[in-house]
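Common to both upcoming complexes is chain A, partnered first by chain B, then by chain C.
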Partner chain A sequence: MTALVEIDDLAVSFGARPAIEGLTLAIEKGERFGIIGESGSGKSLTALAIAGLLPETARMSGRIRFDGAPLPQDEREMARLRGKRIGMVFQEPMTALNPLMRVGEQIEEAMRLADEAAAPLADLPALLQEVGLEPRHAGRYPHQLSGGQRQRVMIAMALASRPELMIADEPTSALDVITQRLVLDLIGEICQRRRMTLLFISHDIRAVAALCERVAVLHRGTLVELGPVHTVLTRPNQAYTQKLVAATQVTPRQRVAAPKPEPLLTVTHLTRAFKGRGLLHWGEKPLLAVNDVSLSIGVGECLALVGPSGCGKTTLGRMIVGLDSASAGEMDFAGTPYRGADLPAARRADLSLVFQDPFGSFNPRLTVAQSLGEPLRLLPRLAPLERQTRLEEAITSVGLETAMLARYPHEFSGGQRQRLAIARAMVTRPRLVVLDEPVSALDVSVRGDVLDLLARLQADHALTYLIVSHDLDMVAAMADRVLVMEAGRIVEEGTPTALFARPRHRLTQELMAARLPDIVG
Partner chain B sequence: MNWRRLLDHPSLALGLAATLAFALLGLASLIWTPYPIADIAISRRFLVPDASHLLGTDHLGRDMLSLIMAGTLTSFTVGAAAVAIGVGIGVPMGLVAAMWGGPVDWVAMRISDLAFAFPSVIIAILIATLIGPGATNAIIAIGIFNIPVFARVARGGALALSSLDFIGAARLAGLGKAAIAWRHILPNIMSLIIVQGTIQLSLGILAEAGLSYIGLGTQPPATSLGLMLRDAQSLFLIHPSLSLLPGLAIVLIVVALNIAGDGLRDALDPRLRRQELA
Partner chain C sequence: MLYLLRRLAGFALTLLIAALVIFVLLDLLPGDPARFILGINASADALAALRLQMGLDIPAPARFGNWVWSMLQGDFGVSHTQRAPVAKLIAERMAVTLPLSVFAMAISMAVGLPLGILAARHRGKPLDTALMVMAQGGVAVPNFWFGMLLTLLFAVTLRWLPPGGFTPWYEDGWLALRGLVLPSLALALPQAAILARVMRTALVDVAGQDFIRTARAKGMTYGEAIWRHGVRNALLPVLTILGLQFAYLIAGTIIVENVFYLPGLGRLIFTAISERDLVLVRSATMVLVLAVSATMLVVDLTYALVDPRLRERRA
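Let's look at the complex of A and B:
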C-alpha cells in the first residue's frame, strides 16, 4: 500500500502562538484514519491544511504530499484538487449548506464542478439512494430537512466528485444519539463500498473506535500516539491517551443517602403548546412541545430525563425553573403551586438551572463575581459581608480559587466555565437544581471531573437534581430514576439498571441500540 | 480596546486621526480664527492665497480659512447632536421593542417606519415652515432621521443576544426586563452602536451641508460648509476655489469618518475576530 496523504513535520501557527508543531503522519490509500483530540488540539487545522483551506492569518511550514505530489501552491490548482479528489463533510450541516438552494441543485452543482467531461458521474437519484435519502428530498430546502438528513446531503455532495479522500470533521457532534449512529454506519459503509480513504476527526473516542482502522491522538498541537485503533485504545502507551480512554468510561457514583420518598416537586398534566405566529398559521394545530406530562421528584433524588433532540425535555426543564410558562397543568414546588414564570420571587432562590453551553451562559462584559452574585438579589436581606462569603464559598466549592472572582469569563476554559456555572447555580443554596446537558459541551477528559463535582455537591448539600440529557452512560452513572421522553410525552420510567437492561418502549430500545460499543481490552 | 490593537488596523488609525484633525480644527475656531468670520471688507474680496490670507478671501472679503474652521465646527456640532438625539431616543426604543416584544415591538417598529418614510429634507422643510430655518432645526430634522436607524440596530443586536443563555440566567436571578437590557444587553451591543454612530455622523454632516445649501440649515452670519458652497456657486467659473475648498473639506471629513467606521467595525466585530482563531 502507498500513502495517499503524507504529512511531514507540519507546523501551523497564528502570530507567535503555535497551533500545530512537528506533526508527521501518513494516511494509506483505502484506509479509514481517525484523529482524536480535544478542543484546541489542532485536529481540525490538520484537516484544513490537507485541503489547503487554512485561514489567511495562519502561517504554515512543513510538507504535505497528496498521492505522491506536493500540494499545489497555485490556488486554482488547489481548488481543482479539492473539487475532484477530496470531499469534505463539516460539523454543522445547516451552516455548510446554502439555505436558498434546493439540496438537489446543490448536489448537482457539486457534480458539475467535479465533472469536466471526465468519467460520467453518478446521477442524482443514485447518489441520493446511496446516502439513504429518497428522490423527493432533492426538491427540498435545507431547513425542511432534519439534522441527519442534512448531514446525508453533505455526504452526497462530498461523494459527487468520486473523491479519493473524504475528510469528515466531527460529522455527528451536532446530531442526537440515534441519528449519530446511523450517519456513522453510513460513512463506514460508503468507504468500504467505494474503497475510499477516510480521514475522520472527532473528540468522541468511541465513534473513532467504531469507524476507523488507525488513529492518531493529538494533544495541544503535537502527536501523542499513532497506531492501529485497537492497540492504541486498549493498550495506550502515553499517559494522555490513557487518561482520555479512562474518561470515556463513566463510573457509577456512590450514593450516600437514599432519597426520601416525600416529593419536592410535583408536575401534574403539564402541557406547553407553541402556536405559529401570523395569519398563515391561523388555523393550524399548535405544536405540543410538552404534552400532558406528570412526574414527581423526591427530596434528595437525582432524576434524569432522556430523549432525542426535540422531544421537549429542555422545554420541560425551562418551565420547572420558571423561564417559560405552561399552557395547561400545574406544578407544585415544596407547597407552592405555579405554572412557570409566575413562580414567586421568594421561591426562585430554591430553584436553579445549569445551562448546557458554558460559553453562552456568561455575560462577557461582567466579572465572575458580578455574574455569580446576580442570583443573590433573590435574597434581599443578605448583608454585604455575607454576600462576599457566599461568593467565596460558591467558587471554592467548585474547586476554583477566590482570586478568580475578579476575572472575566474569556479567561477560563470550557470546563472551568461549567464549574463557574455550577457555582452560580449554588450561590443561593437551592434545593432543586436542573442540569440541562451539563457535560455534553465539554471535552471528554473534564466531563468526569464535573460529574464528580456534581455528585459531591449533591451529597454535601442534600440537593435534588433533575438532569436533562441524551447521554445514556452519564445518566446511568448519575441518576436514581430515569424518564424517557418522546414527542412531548413520557413513554417509559424506571431505575437506570432496570430500564437499560430490559428496555420495553421502542424508543428506549432504539436509544440503547444506538449506543456506540465500549472499548474493551 | 487598547492602543496596540488600534495600530493593527492602519485604516482605523488613519481615519480616526483625520477625523480628529478636522474636529480639532473646528474646535480651535471657538477660541481663535485668523479673522472674525463676520468681518466683511469688500475691498479685500477675491484675494488669492498669500501670507495674510492662507486660503484667500470670498466675495465679501471674509477669510476663507476662518470660514472653513467655523463651518467645520458647525458641521460636527450638527452631526454629533443629531447622533446624540438618535442614540438617546432610538437605542432605548429598540431595546424596549426587543425586550417586551409582541404589541410593544409592533408599535415601536411602526413608529420607526413612519420616521423612515420621511426624508430628513422633508422634516427640515416642515420644521422651517413652523419655526423658521436655523442650525437647531437642522439638528432636530437629522436627529429624527437618525432615531429609526439606531432603533433598528439596537433591536437587532438585542434580539440576537436574547437567545443566549446568560440572558436566561439573568431572568432566573430575578432581574427585570429593564435591568437585563441595561446590564446585559447594552454593554454587549455598544460596539454596534459606536460603529453605526460614526456612519450616522458622516451622513449627518452630509445632510447638514445639504440643508444649509438649500437654505434650511445654518443662517448667516454663522456659517457652515454647505452655506459656503451655496454662496460660492454663482461664482464657480470665475473663482472655483471658493466652492472647491468647502467641498473638499466635506469630502475629506466624510471619507475620514467612513474609513474610521469601517476600521471600527473590523476592530470591534467579534465574528471577524474569531476567524483568526478558528
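Let's look at the complex of A and C:
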C-alpha cells in the first residue's frame, strides 16, 4: 500500500505557544485512520493542516504530502485540491451550514467546485439517497432539519466531489446516542463502498474503535502511540493511553446510605404545552413538550431521566427548578406545592441546577466569587461574613482553592469550570440538585473526577439528584433509578441494572442498541 | 404570507397610535389652539372663524376621527400661514427631500459597503487601518461643514455645480438634479463612514463562522468563501442600520437643507413650528411618521426575504 497522506515532522504554533510538535505519521490509501485526543491535543489542527485550513495566526513547519506531492503553496491551488480530493465533515452541523441557503444548493455548489466543467459528477437525488435523505430535503434550509439530518447533508457535501480522503472531525459529538450511531455507521459504510480513505478525529475512544483500523493517540501536540486500533486500545503501551482507555469505563459509584422512601419531590400529571401566540395560531394543536408526567424522587435518591434530544427531559428539569411553569398539573417540593416559576424564593434556594456547558454558563465579566454568590440573593438575610464562608465552603467542597474566587472564568479549564458550576449549585446548601448533562461537554479523563465529586457531595450533604442525560453508561454508574422519556412521556422505569439488562420499551431497546461496544481485550 | 400580514397589521397599528399621540399632544393640551395660532392680539371674530374652520366646536373624539378619515382620503387640511393645502405643500417639499435622501443613501451604500468589505478582507492589515481611520474621520466631520467645503471646491472654485438653491423638477430636471448633487454628497459622507464600519464588523464576525470554513473545505479560497457566503449573511445587521439611516435622512436633513438653501421637508416643518402653524406641524409630523414606519416595514420585509428563519418564526 502507498500512503495517501504523509506528515513529516509537523509543528504548528500560535505565537510562542506550540500546539503540535514533531508529528510524523502516514495514512495509507483506503484505510480508516483514527486520531484520538482530548481538547488541546492538536487533533483538529492536524486535520486542518492537511486541508490547508489552519487559522491565519498559526505558524506551520514540517512537510505534508498528499498522494506523493507536497501540498500546494498557492491558495487557489490548495483550495481546488481540497474541493476535488478531500471531503470534510465538522462537529457542529448547525453552524457549519450557511443558514440563508437551501441545503440542496449548498451540496450542488460543492459539486460545481469539484468539477468546473459544469457536468455534474453525481446527481443530487442519488447523493441524498446515499446519505439517507429524501429528495425533498434538498429544498430545506438548515434550521428546518434535525441535527442528524444536517450532519447527513454535511456528509453529502463532502462526498459531492468523490474525494479520495474524507476527514471527519468529531462528526457525532453534537448528536444524541441513537443519531450518533446511525451517522457513524453511515460513514463507515460509505468509506467501504467507495473505497475512500477516512481520517476520523474524536475524543470518543469507542467511536474510533468501532470505525477505524489504525489509530494515533495525541496528547498536548505530540504523538503518544500509533498502531492498529485493537492493539493500541486493548494493550496500550503508554501510560497516557492506558489512563484514557481506563477513563472510558465508568465505574459504579459507591453508595454510602440507601435513599429513604419518603419523597422529596413529587410531580403529578405535569404538562407543558408550547403554542404560537396570537389569533393567527388560534386553534392550532399545541406542542406538548412534557405530556402528563408523574414521578417522585425520594430523599437522598439519584434519579436519572434519559431520552433522545427533543424528548422533553430538559423542559421537565427546568420546570422542577422553577425556570419554567407547567401548563397543567402540579409539583410538590418538601411540602410546598408549586407549578414552576411560582416557587417561593426561600424554597427555591433548596433547589439547584447545573448546566451542560461549563463555558457558556458563566458570565465572563464576573469574578468567580460574584458568579458563585449570585444564588445567595435567594437568601437575603445572610450576613456578609456568612456569605464569604459559604463561598469558601462551596469552592473547597469541589476541590478548588479559595484564592480562585478572585479569578475570572476564562482562567479555568473545562473540568474546573464544571466544578465551579457545581460549587455555584452548592452555595445555597440545596437539598435537590438537577444535573443537566453534567459531564457530556467534558474530556473523558476528567469525567470520572467530576462524577466522583458528585458522588462524594451527595454522600456528604445527603443530596438528592435528578440527572438529565442521554449517556447510558454514566447513568448506569450514578443512578438508583432510571426513567426513560420519549415525546414528552415517561415510557419505562426501573433500576439501571434491571432496565438495561432487559429493556422492554422500543426506545430503551434502541438506546441500548445504539451504545457503542466496549473495548475488550 | 402570514409574516407579511402580521407586519402590515403592525404597520397600520403604529400609524394609528402615532396619529393619536400627535393629536393628543397638539390638540388636547390646555389652551386654545386657535389663540395659539393667531396670537394674543387676534380679534374675537378671527378666533371664532378659525375655531369653526378647525372644527374645534365638535368633540375631540369626533375631531380625531375626522382628521384620520380626511388624511386617508389625502386631505391634510389647510395651512394658515401659507394659505395653501398642506398636502400640496408637503408634496412640493417631498419632491426635494425624497430624491435627496435616495441619492444620499445610494451614494453612501455605493461607497460604504465596498469599503467595509475591503477592510474586512484585509483585517488587521495597513489597508484596514487606513480605511477605518478614514471612516472615523467621516463620522466625526459635521455634514454642514463638509457641505461648505464641497461648495467652496465645486461651486466657487471649479464652478461645476450650483452652490445652492433648487430649480423645481418641472422647470428643468437637469438643473434640479445638479442642485441635489452637493447636498447628497454632504449627507452621504457620515452615513457611508458608519456603513463601512458596520459592514466591516459584520463581515469580520461572519468570517469567523463555521460555514465559511465549510465553504473553504468545499474548495473555495478565503476570498471566494467570503464573497459567496459571507456578504449575504453580513448584510443582515447592515439592513437595520440602512433602515435607520434612511429614516434619519428623510426627517433630519434640515441642516444641510439650510446650508444649500433647499426647500425640503425639514425646513417646512421648522418654519411651521416657528410660525405656530399647528395644522401644518401636525400633518407634516404624521407624514414623517408614515415615512419612517414605511421604511421600517420595508426593512422587515427585506429581512424576511433574505433570512428564511424569519419567514416562519412564530412571534
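Keep this in mind: the second predicted complex is superposed on the first by the 509 of 521 C-alpha atoms of A that agree within 3 Å, B and C clash if a C-alpha of one lies under 4 Å from a C-alpha of the other, contacts with A are read in each partner's own complex, and residues count from 1 in each chain.
Operating definition for what follows: a contact is a pair of C-beta atoms (placed from the backbone, for glycine too) under 8 Å apart; a residue touches a chain by one contact, two chains touch by 3 or more.
Predicted model only: the values in this text are computed from it and were never measured.
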**OP:** Using the overlay on chain A, decide if chain B and chain C clash or can fit next to each other.
**Re:** clash
**OP:** Classify the contacts of A:Met88 with the two partner chains as first (chain B alone), second (chain C alone), both, or neither.
**Re:** second
Subject >> Touching partner for A:Ala246 - first (chain B), second (chain C), both, neither >> reply: neither
Original post:
Residues of chain A touched: more by chain B or chain C?
Top reply: C
Original post:
For A:Ala501, is the partner it touches chain B (first), chain C (second), both, or none of the two (neither)?
Top reply: neither
**OP:** Figure out whether A:Ala346 sits in contact with chain B (first) or chain C (second), or with both, or with neither.
**Re:** neither
Original post:
In the combined picture, which part of chain B sits where chain C already is, 55-63, 91-99 or 253-261?
Top reply: 253-261
Subject >> Residues of chain A that lie at the interface with chain B and also at the interface with chain C >> reply: none
**OP:** Going by the contact rule at the top, pick out the chain C residues touching chain A in the complex.
**Re:** 2, 5-6, 209-211, 213-222, 224, 228-229, 232-233, 306-309, 314-315
Subject >> In the complex with chain C, residue positions of chain A that touch it >> reply: 51, 53, 75-76, 79-80, 82-84, 86-88, 90, 92, 95-101, 109-110, 113-114, 141, 143-144, 154, 157-158, 160-161, 276-278, 280-281
Subject >> Complex contacts: residues of chain A adjacent to chain B >> reply: 14, 55, 57, 318, 321-323, 345, 348, 352-353, 355-357, 360-366, 371, 374-375, 377-378, 424
Original post:
Given the complex with chain A, which residues does chain B contribute to the contact?
Top reply: 164-166, 168-175, 183-184, 187-188, 275-278
